[in-house]
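Below, chain A partners chain B and then partners chain C, in two separate complexes.
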Partner chain A sequence: MLEHLDLTMVNWARAQFALTAMYHWLFVPLTLGLSLLLAFFETLYFKTGNAAWKRITKFWMALFAINFAIGVATGIILEFEFGTNWSNYSWMVGDIFGAPLAIEGIFAFFLEATFFSVMFFGWDRLSKGMHLFSTWMVALGSNLSAVWILVANGWMQHPVGMAFNPDRARFEMQDFWAVAGSPVAISKFTHATSSSFQLAAFFVIGVSSWFLLKGRHMEMAKKSIIVAAVLGLLSSGFVAFTGDEAAHTTARVQPMKLAAMENLYTGRAGAGLVALGVPNPEKRPGDNRDAFLFKVEIPFLLSFLANRDPRSFVPGINDLVYGNPDRQLLATGKKIEKGQIAIASLKEYKKARANNDRTRSAAALSNFENYKNFLGYGYLKNPEEAVPPVVLVFYAFRIMVALGTLFPLIFAAFLFFSYKDTIARQKWLLALGIFSIFLAFVASEAGWVVAEVGRQPWAIQDLLPVSVARSNLTAATVQTTFFLFLTLFTVLLIAEVRIMLNQIKQGPEAE
Partner chain B sequence: MFTALQLSQLQQLWWAIISVVGALFIFLTFVQGGQTLLVTEAQNNMERRAIANSLGRKWELTFTTLVLFGGALFAAFPLFYATSFGGAYWLWIAILFTFILQAVSYEFRGKPGNLLGTRTYDRFLFINGSVGLFLIGVAIGTFFTGADFSLNEFNAVTWQHPLRGLEAILDLFNVTLGLFLVFLARMLGAMYLVNNIDFIHPDLLGLNDRLRRSAFKSLLLALPFLLYVLASWAVMTGYAVEQAHGRIVLEEGKYLHNLLAMPANLVLLGFGFVLVLLAVIITRRTQSSRGIWLGGFGSILMALAIFFTAGFNNTAFYPSRFDLQSSLTIANASSSRYTLTVMSYVALAVPIVLAYIAYFWHRMDAKKISAEEIIRGESAREMY
Partner chain C sequence: MGEALPSIWRKIFLLYRDGLRNMRLGRTLWVIILLKLFVIFAILKTFFFPDLLATRFATDAERAGHVLEQLTAMPDR
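Our next item is the complex of A and B:
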């Protein structure tokens, strides 16, 4: 399809997408969770009529606005980057992928855009009830946008509800509800939003902890901590549940990603989960080196998490790359051969169609139909290319899970000491509360590293590798925009953090 | 309801929907126009703050409409999305860049610790309102003048010009259309601000009159550009689709033919222009502040005529000068019948969205923005 593959360009385009996505994700989870907390705070004001809750609402709202602005700025790039840097992707799957993006615009972005300014400047223009409604609409809009973009992402992880149209050489949607209701999409959405609620809860707890340590705005800080810790603790349950579900789904639809998450090269029945371990950086698929320099394993747990059966077989990287006839696993090399046949027959079909040669086009089409499920593999250079960067995915997964296990304990501690009303004296916990903001961001970004790096080399799992999804650009072009965005986003991030810190130091409005 | 429609009917419907979203965007660029007025017309800090706060409550609607314009093109005409964004790379990156600058500027401009200073953020707003909108006009211009690309048998785009989209600035028609949009936006911006700001404050008194005069000046500056665009349409060669085989052929006076073949379009254009003209004259000659509604409606009608002329009546809406047969039409660039049908049901929500926007717009703007509100109001601390 693209005769002069330029891998350097692909890697720069990947780097640019990673850069913009990771910057964007610094702001989005805070928007998702904080919009919900604002709605809670204002509901408490509405119910009790206590002006303290209004001051609390307005204080967090000011921080929300600063964060929201830069989230919007980084978000527009992501939408258009699909077109600019991944134009073949946009054409080949636009028939399916464009829909959730447009729906996101209609249903979610306009809610946010309309009610954002109403929420900020409508206090003296609307009734209390109408204002509360607006705040809830901002929360709804933010979280609805997460639904649709994660439907889109879920589809990239596990493409469903579509078929390949050889005449147009693209994938076309066959079943919208299969795309929108895909289990992978739902598990993505629930996991990403509930972990975002945790992050926002830590943001509120961390800033409030700082106030308590400084002995300022004690009343507001304590009240904020209670609401945030309740949300955080409830979300933690969801995060664990949906995370477990995500691993289970991954085992089914992306076994290679799961193998990379576990640094598992040789599959086995009754596989254990590596709780702690140092992967061998020298290890390559097919060699005889040990996969780990050191590891501590919990027996049977991986098999149980993956297949809900402690004795079940979990395939390793080598099983997936080189095949395992006992387990009916086809070698990637064989898939590549079949994929190459699919590509060749598609070309043959297009040529025969252009020449109006019906016999040849029918034969080519029927040949293509037999091999079309392997189309994407036909573009891989060698079987090992199907393996994502294992060590990075392994560590990112462990960081995410370890922090995810720690978080509910911190929330519980904050709730416990709030209940005892001694929270202001727990200096160590308050310090940990501030540090938790950073930890929450690390966990959140690590989650995306697992999801996206673990999907490599695929843009669309098994169907479209990133090397084909790209635009026809030179590496230098993409490199230039990479550094442009890096500079701009970094400057804006510094400005954002400084403004935030200034606002926090100012504290809430005087009583 | 939509399931009964043929693919070709759905394609027409979706070009109409895209045109409506695009036309609403053109109306909403009063925000961009206002951003340039913030720099060129405001003479003191209170004037700048009044303008920033007035626009600051609307900019996200414009921004979101642009995002939806992109999203709707992606969903309905993915081949355009892939060809133009991946091909005219630098043109789109430049446009996007100015919108990143815009997105932070309102929130950051007045806040302590903002690193770059208020004036820098105001310049960002100016850049978005001038360069950003100009380039959007240039990009829309390429719907008529074409671009240099070719598509292979798998529809993968190869751009044939080293400037990767920026070469569109070298075409006089594109430049003229871009400049027309910039001055149209300044007219709309001035009329919106006149409507939205309460000038009863010593520091704001002069602004009212200055904005009214500025709207008129922008009209005078916009007219030659509009005339050039119309005159070009009358004579320029366009890219027609031969109905029999779907081949693209050059047709002299194609866009004039389009206007004549679709008289409704001619009416939209003429009536829209008269409304804009009237709006500006009323704003200049009387103390009425309703010009924005008249002018806004007029600009929507004119923009509709532009998009309709580009895509309907068997016209290639994204022509390739390099390889005629690579040109995009609403027939060859569209999504499948299934997807267009699904998206048509989704589009039924658009009137509801417009309704709640209109309702809350009305509720919020029933009381004009005053110096009092900015200095001492309930949300004084959040003001821009």
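Our next item is the complex of A and C:
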């Protein structure tokens, strides 16, 4: 197995970034969703005046604080990694990312941070209305932070509203609203936040289920379950809707990712969606092996989801790699040739500028403009390099969708038995509720694997592959920090779980 | 209005002072946050995360030149 691992610097840097991002993403969705649930709990207290809702709000607020404290600043390590491991990339996107990340820092984070302390310290000092306002502002600030981070991420998947400046070697923003309103950014934000609400709902349901199984804090647990299950069920509908929209957008702007998600090698009209399947691990682009060892397909569904037309053509990996003239799909080999012309023109432009040769530099720049959309392809060694790790993306997508389909059923079951007032007797469901916390995290991380592994080899879609985005460092340097982080993150995770479990065991009496 | 302003600042001060004094779980969390920030900024940032372009080059023009060099040299490798 080990001999198949490619231990180059770029892969260690990718592994390190994936480790940091996936660790960071353990905390973020819980913060996003739990902040909203806190606002709901407190709104019920405000509306009813029932002190039980205040106790409930304060209990979940303590768990929210633990998650926030352990998770805070983990994102900063990602920014450090940009400077160290991905310095070319950082330089090139600095102008694009500057605006959204500055807005995130100035408005969203400050909104969240300001009202965070008011929310915790202000229970006996503020009016009920003002305190409720603070709690809503924390929820709004948390979710606004996500908007701008996902705008930046969306731009990497679908770079719009920019122009490449060959003098500064930078992508420069031309249209802020095109970047902020990119369909990829919107679908990413709506899908990521709604799935985070599901995750937080499961967190509340899971902890409450534990209380019910232990016969403790029954009223608090039952009330919490109802609110969380309602939010979870509503979010599930939204997750399905936004997920469908995300797939539709992917079909338009990242067809290779969609083909990898479906393990679709040969494109076809009226393509079916593989509901269940085992991809052939030996399958490679262009060979004659079957793509699946086994599959169950729903006819026409993939075409419908991708293009809103059940008879439409969905390109496969082979169509995208080797071209399909009938469908006007350019082969990656041709794109590589165009990309190499773009690079050569850039080189020529640089040389002419250095020699103050205006005629040559203008001609080189004009040539570059003609081929700039293929720039990234010029760095690929062969057309097959444009294919992401198909099997991983396929399974991650299946896990996400399967769990996403199961979740509303669990939420509905909790609501049903809560309505019947027999929830405390449903031991199997309560056990499933606890296990669902784990399932929700798996689904959430799987979603990120689909989004980020599925877009490989690109750091910026079609324009910059990860192999060029990296810094000039040795693999050993990055390897050292990889294991350093692994240790640090594991220690922090253990700390969080221990503090969290301790707080849960104490229950609302801890207040 | 002249008297209201100091009163507001005093209220904010008291909110934070009393809030911080009465913390129980919060104290543990603050210890974790401070420890983590120390590890992230004092250790990791200092020893393991030099911003390569910022430390190796003095001006933006030099940084742009370096990245352009990387972009145009890459296919020859």
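Things worth noting here:
We take it that the second predicted complex is superposed on the first by the 501 of 511 C-alpha atoms of A that agree within 3 Å, B and C clash if a C-alpha of one lies under 4 Å from a C-alpha of the other, contacts with A are read in each partner's own complex, and residues count from 1 in each chain.
The criterion applied here is as follows: a residue touches a chain if its C-beta (ideal position, glycine included) is under 8 Å from a C-beta of that chain, and two chains touch if they have at least 3 such contacts.
Here the structure is a predicted model, which means the values were calculated and not measured.
Overlay on chain A: chain B and chain C clash in the combined arrangement. Contacts of A:471 after superposition: both chain B and chain C are touched. When the shared chain is aligned, no partner comes close enough to touch A:32: not chain B, not chain C. In the superposition on chain A, A:221 makes contact with neither chain B nor chain C. Within the superposed three-chain model, A:451 lies out of touch with both chain B and chain C [touch as defined at top]. In the superposition on chain A, A:501 makes contact with chain B only, while chain C stays out of contact range.
Applying the stated contact rule after C-alpha superposition, one finds that A:176 touches chain B and leaves chain C untouched. Judged by the touch definition given at the top, the superposed model places A:96 against chain B, while chain C stays out of reach. Contact comparison for chain A: of chain B and chain C, B touches the greater number of residues.
With both structures placed on the common chain, the touch criterion links A:110 to chain B but leaves chain C unconnected. Legend: residue contacts after superposition of the two complexes on their common chain; A:88 is shown touching both chain B and chain C.
Contacts of chain A with chain B, set against its contacts with chain C after fitting on chain A, overlap at residues 62, 65-66, 69-70, 72-73, 76-77, 80, 83-84, 87-88, 90-91, 117-118, 120-122, 125, 168-170, 347, 350, 471-473, 481, 484, 488, 492, 495, 499, 503. The part of chain B that touches chain A in the complex is made up of residues 56-58, 60-61, 63-64, 66-68, 70-72, 74-76, 78-79, 81-87, 89, 92-93, 96-97, 99-101, 103-104, 106-108, 111-116, 152-159, 164, 335-336, 338-339, 342-343, 346-347, 349-350, 353, 356-357, 360, 363-364, 366-367, 377-379, 381-382. In the complex of the two chains, the chain C residues touching chain A come out as 11, 14-16, 18-20, 24-26, 28-30, 32-33, 36-37, 39-40, 44-45, 48-54, 60, 63-65, 67-68, 70-72, 74-75.
Contact residues of chain A toward chain C in the complex are 62, 65-66, 69-70, 72-73, 76-77, 80-81, 83-84, 87-88, 90-92, 117-118, 120-122, 125, 166-170, 340, 343, 346-347, 350, 378-379, 467-468, 471-473, 480-481, 484, 488, 492, 495, 499, 503, 510. Note for the complex: chain A touches chain B at residues 1-2, 58, 61-62, 65-66, 68-70, 72-74, 76-77, 79-80, 82-91, 94-99, 101-107, 109-110, 112-118, 120-126, 130, 134, 165, 168-170, 172-174, 176, 347, 350, 354, 471-473, 477, 481, 484, 488, 491-492, 494-496, 498-499, 501-503, 506, 509.
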